[in-house]
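What follows are several structures.
Both complexes shown next keep subunit A, but they swap its partner, so subunit B is in the first and subunit C is in the second.
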Partner chain A sequence: MSAASATFGGQRTIGLGFSLLIIALYVFLLMPLLTIVGASFTSGMMIEFPPQGFSLKWYHEFLSRKDLVDGLLMSLRVAAITAIVTTTIAMMAALAGQAMAGRMAGWFQLGMTLPLLVPELLTAVGLLFFLYKIGLGKTVLGLQFGHILMAFPYAYVSITAALRQVPSSLEEASSSMGASSWQTFRLVILPLVMPGVAMGAIFAFINSFDLYTISLLLKPIGGNTLPLALFDFLTYEFKPTAAAAATLSILLSLCGVVLVQRLVGLQRAF
Partner chain B sequence: MATVEAIKLHKRYGDFVALDDVTLNAESGQLVTLLGPSGCGKSTTLRCLAGFLDPEGGDIKLDGDSILKLPSNRRGFGVVFQNYALFPHMTVAENIGYGLRLRKCPKPELVRRVGEAVDLVRLNGLEDRLPRQISGGQQQRVALARALVMKPRLLLLDEPLANLDARLRDEVRWLIRDLQQQSGITAFYVTHDQSEAMAMSDMVAVMKSGRVAQFATPREIYQKPVERYVADFTGEANFLSCQSVNAQGAGQYAIQAGGAALTVAGVPGLTGRAELLVRPETLRLAAAGEVADFNGRIVKSAFVGASLLCEIALPDGGVLKLTAPPNTPVHVGDAAAVVMDRAQAWLMPEVAP
Partner chain C sequence: MKLSRRNFLQAGAGASALAAFGLPAFAQQSPFIVNMFGGRWENDWRQQVMPKFAEEIGRPVDLDIGLGTSWIANFRAAGPQNPPFASVMLNERYTAMIRNEGYFEVLTPENVPNMADLIEPAKLKGHTGLTGMLAPLILAYRTDLVDEPPRGWADLWHERFRGQLGLYKITNSAGVMMALWAGEHFGKGRDDVETAVAKFKELAPFPQIGYSSQLTPLMMQGQIAVAPLDVGEVKAMQDQGVPVDYVIPEEGMLVFDHSFSVFANHPDKALGLEYVNFVLSPEIQLWMAENWLIAPTNKTVQLPPEVAKWPLSAEQVTKAIRFDWDDANAISGKLNDLWERTI
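Now for the complex of A and B:
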C-alpha cells in the first residue's frame, strides 16, 4: 500500500517537473517574439521592453518609409514565388527519390538536402560567381534562384515524409483499376500528401522571407529585401520602427499558416 | 470467363531466388489457391500475375495470349490486398466507383453499378462513410466490391482475410467464395492458412521456397501429398518412417512401420526410405478384442471438451496423435491398441525427388 502510494507520488512529481519544463521551453521560445511585439507598441523613442505607454506611431513610421516598404514588398514577392516553384520541384524530386532503390536512394536524399549542409555563405559566394557567368549577377531573377535553392531542402524533406506515409499498395490498387501514373498521382497521391506539400510551402516561404546572407550577396542593384533593409536601417537608427516591421512580418506569416490550415487542414501534416 | 497459365516463372532479388520454375494454371471460373509459409513466393507469383512485378523468365498467358508486356493498368484484373488498400480520402462509394470513373462511365450507369456492388457485399447505408469510419471486415468488403464492380477478367486476392478476427474471417471467406462462384470469375487466392485453402479452392498450389511443391485438388493435396512438407502444411499429420519399401504393383507397397507390417498405397515409383502419412482422424483406439494395427503406450492425453487428444508411443520410437471420444477411459502409461483406416494411409518420400 505504502509502496504503491510512493510510486504514485513519484509519478506526480515527474508529471509536475515535466509540465514546468514545457512551460520553461515555451517561455524560452516565445520570449523574443513577445519582446519585439511589445516593443513595437511603445510610445518612447527606443526599442525597449517593457514598452513605455502605447502607441501605433512606429507602424505609421514604418509604412511611410519607402525603403522599408519596398523591402517588404520585394520579400513578399520573392518568398511567394519561392514557395510555389520550390514546392513544385520538390514534389517531383520526392517522387523520383521514392522510385529509386537501395544505395542510390540514400545518395539522392543526401544530394537533395545538400544546401542545408553547406554553409550559406559558401553557397552564396559560389552562386554569385555562377550567376555573373550566366549573366544574372545582381538581378532579381538571380536572387530568386538563390532563394529557391536555399528553401528547396525544407520542402523536399516535408514532402518526402508525407509520401512515405502513403502505402505503395494504394498505387498498385489504383493501377489495377486502370489508372495511368498521372491519374494515380492526381487522384490518390497528391490529395494524400497535400498537408505535407502545404507544410513544405510554408517552410519555403518563411525560409525565403528570413534569408539574409544569400540576399546580401545576390541582391539586385537598387533593390533590398526586408531583412537587408531593416539591417541597414538599424545601423543608423535604433528606433522601434524595426520592431513594428518585425511584428508585421510575424503577422503575415501567421496569416499564411492560418490560410493553409483552412485550405488543407494542417493538423494532418503532423 | 478466362483461363490463365503461368509458365516457368523465374524471379530473383539479388541472391535470393523468389520464384523458381513456377508453373500453374487456372481453368475458366476456377479458384486457385497459392498456399505456403511467408517467403515461399506465393505473393510474388500473385504480383507477377497482377503486373506489379516483372518475372525474369517465363510467361503468363490469358486465354492463350501472353500478357507479360501489358502494364497492370491495362490488364483489367481486380486485386484485393491484405491491408485493403482503400483510398483513405474517398468515401466507400467513391472507392468502389474509382475504376468506373477512370473509364469515363456515364454517371447514371456508374451510380447503378456502384449500388449493385454495395448490395452484393451488403454495405448498404455506409456509402458515404470514409474507410477509417468503418470496421476491418467492412473495409475488406469495400475492397472486394471495388475489385468486382469492374467485372475483371481475373480476380487476385492477396491474403484478404489475414487482418480480420476469426469470426469475421469465416463470414468474409464464404462471401468471397459465393461471389466468385456466382460471377463465374477466375481467381487466384494467396493464403498461409490451410483450412482457408481447403474450404475455398478448386485447386491448391502448395509452395516451398519459390517452387510449386504440389499443384492439385484440395482432396489430393490433403490425402495424397507428394512429400512430407505438403502433408505437414495441409493439416495435422502423423509420420512413421519406414527403412525400406517393397513395391507390390502400381502404387502399392508392403512396409514395416510403427512395429506393424502393412500394405499401403503411396506415391508411384518409391524406393528406399519413405514416410507413412497417417492423419489423426483415420485412427481410433481399438475396441476390446478387436484386431489392432498398432500397439503402443499412451504418453499424453488432454481433454479438450469435444474430444480427447492422445499421443501414443510405438515400439520403434514413432508417435501417433489421435482423437478419441471425450469419455474414453484413458490413462498415461497404459497400453493402447490403435486401429487405422488402411485405405487412407499414404506412403510418400521425405522430400520429393
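Now for the complex of A and C:
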C-alpha cells in the first residue's frame, strides 16, 4: 500500500513538474506578445510595459499614418496572392513528388525545400540580380516572386504531409469505378487533403506577411510592406504606434487560425 | 454567414481577380521618383515638400523609402546603365562607395545653379554629390543627472560618466566617425583602428544603438545621461519637458552628411538635376532647418531667431569635423570586425 502511494506521489510530482514546465513555456512564448499588446494601449509617449494608463490614441495614429497603412495594405495584398499562388503550385508539386519513387523522390523533396535551407539574405541578393536581369527589378511582380519562393516550402511540406495520409487504395478504387484523373483529384483527393492545403495557405500567408530581408531588397519603387514600414518607423520614431501595428498583425494571424478552424477544424489541420 | 469551402474558394478567386486588376495600376502612372528615409522624414517630405516639386515640374512624384544598404544593393544590381530612379539622397558614406563607378553625373553650377551658393564642404569629391542635409551631431546630457556637463568628445572617457553613456553601433556612420576621431585623438591617426577600439573598450559596457531615435528613449528614461545625438532629437526631448541640454564639443561637432546625386544614365536625368537644385534652394533649405533642425548648406539662407539658437549656421557647420569616406570605407571592414570581436 505504501509502495503504491509512493508511486502515486511520485507520478503526481512528475505531473506537477511537467505542468509547471508547460506553463513556463507558454509564458515564454506569450510574454512578448502580451508585452507588445499591452504597450499598444499606453497613454504614455514611449513603448513601455506595463503601460501608463489606457488609450487608443496609438491605434488612431497608426490609422492616420499613410506610410503604415499603405504598408499594411501592400503586405495584405502580397500575402494573399502568395497564399493562393503558392498553395496551387505546391499542390501540383506535392502530387508530382508523390508519383515519384526511390532516390528521385528524395532529391525532389530536397529541391522543393531548398529556399528553407539557403540563408534568406543570399536568396534575396541572388533574386535581386536575377530580377534586374529580366527587367523586374524594384517592381511589385518581382517582390511577389520573392515571396512566393520563400513561402513555397511551407505550403509544400504541409500538403505533402496531408497527401501521405490518403491511402492509395482510394485512388485505385476511384479509377476502377470509372472516374477520370481530374474527377479523382477533385472528388476524392482534394477533400481529404483540404486541412493540409488550408494550413499550407495560412503558413504561406503568415510567412509572406512577416518577410523582411526579401522585401527590403526587392520592394517596388514607391511601395513598402508593413514590416519594412515598421522598421523605418522605429528607426526614426520610437513610439507605441509600432506596438499598435504589431497588435493588429497579431490579430490578423489569429483571424487566420479562426479561418482554419471554421473551414476544416484545427484538429484535422494539425 | 456560414463559411464553407465553396465560399472560401470563391472569395479567394475574387481576391485574385482584384489583385490581378490592381497590378497594372502600379505601372500605369509614371511618377518622378526620388528616395527618402522612412518615418517622419517620409511623411513630412511627402506631404510638405514634394507637392511643391510636383507642381514645379508638372508631373506626379513618389518616394522610394529605405536605407543606404538596400539602395546600394539595388544600384549595384541594376548597374550604372540602368539606375532605378534619377536622383538619389545618400549618407556620404554610401555615395563614396559608388561615386567612382560611373553612376553619377558631375554636378556644376551650370546644371545645378544653386550649387554656386553652397558652403565649400558641401561640394563632395569629384562633384558627384552635393550635401543637401547636414545634421549636426553634438553631446547631449541630462541636466538632472549630470553635475558637470562634458566639454568635448574626450570627456566621454572621464570617470564621472562611467555607466552613464549611450553610443552608436559601429554600423551607424556616427559610430564610424567617433572611431575615426578616437583613432586620431588617442592614437596615430584616423586609420589607427586598434587604438580606437581599445579606447571604446575602456567605456564598456554601454548601450550600442543603431539610430538616434533609439538613443532618445534611453535618455528620456534616465537609463543613460550622456550621448552623442543630433540636435533634432535634443529639441524633441526638450519639447516633451525632458531635462536635457547639449554642448558643442570643443574638438568640433560631427555631422550626419546626406548628399544628393544624379544618375548619369537615367532618362529623367534633367529632372534629377532640377530636383537637386530644388532641394538646395534657399526655400527648401530653410524649411529643413525650421522643421528638422538640419543645417542649411546654402549660404544665402537667413535663419530665423527661433532656429538660430541651434548650431546650424554656415560658420558653425563649416568648422565641423569632416571625414574622407573613401578612406573610412577602406578601413571599415577591419574596424567592424575588430569592434564586434572586442566590444
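Basically, the second predicted complex is superposed on the first by the 270 of 270 C-alpha atoms of A that agree within 3 Å, B and C clash if a C-alpha of one lies under 4 Å from a C-alpha of the other, contacts with A are read in each partner's own complex, and residues count from 1 in each chain.
Keep this in mind: contacts are C-beta pairs under 8 Å (C-beta built on N, C-alpha and C of every residue); 3 or more make two chains touch, one makes a residue touch a chain.
Predicted model only: the values in this text are computed from it and were never measured.
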Fit or clash between subunit C and subunit B when superposed on subunit A: fit
Which superposed partner A:167 touches (first subunit B, second subunit C, both, neither): first
Partner chain in contact with A:188 - subunit B first, subunit C second, else both or neither: first
Touch count on subunit A, higher of subunit B and subunit C: C
Touching partner for A:176 - first (subunit B), second (subunit C), both, neither: first
Where the C-alpha centre of subunit A sits as vertex, the angle toward subunit B and subunit C in the overlay (nearest 10 degrees): 160
Which of subunit B and subunit C A:67 touches, first, second, both or neither: second
Per-pair minimum CA distance [subunit C against subunit B, superposed on A] in Å: 14
Shared subunit A contacts, counted only where both subunit B and subunit C touch the same residue: none
Subunit C partner contacts - residues on subunit A that touch it in the complex: 45-47, 65-67, 77, 80-81, 84, 125, 128-129, 131-132, 137-141, 194, 216-217, 219-224, 228-229, 231-238, 259, 262-263
In the complex, subunit B residues that touch subunit A: 50-52, 71-79, 81, 83, 85-89, 98-99, 102-103, 146-147, 150
Footprint of subunit A on subunit C - complex, ascending: 3, 5, 8, 12, 15-16, 19, 22-23, 26, 31, 33, 37-43, 46, 62-67, 70, 73-74, 77-79, 82, 84-85, 210-211, 213-214, 216-217, 220-221, 240
In the complex, subunit A residues that touch subunit B: 167, 169-170, 172-180, 183, 187-188, 191-192
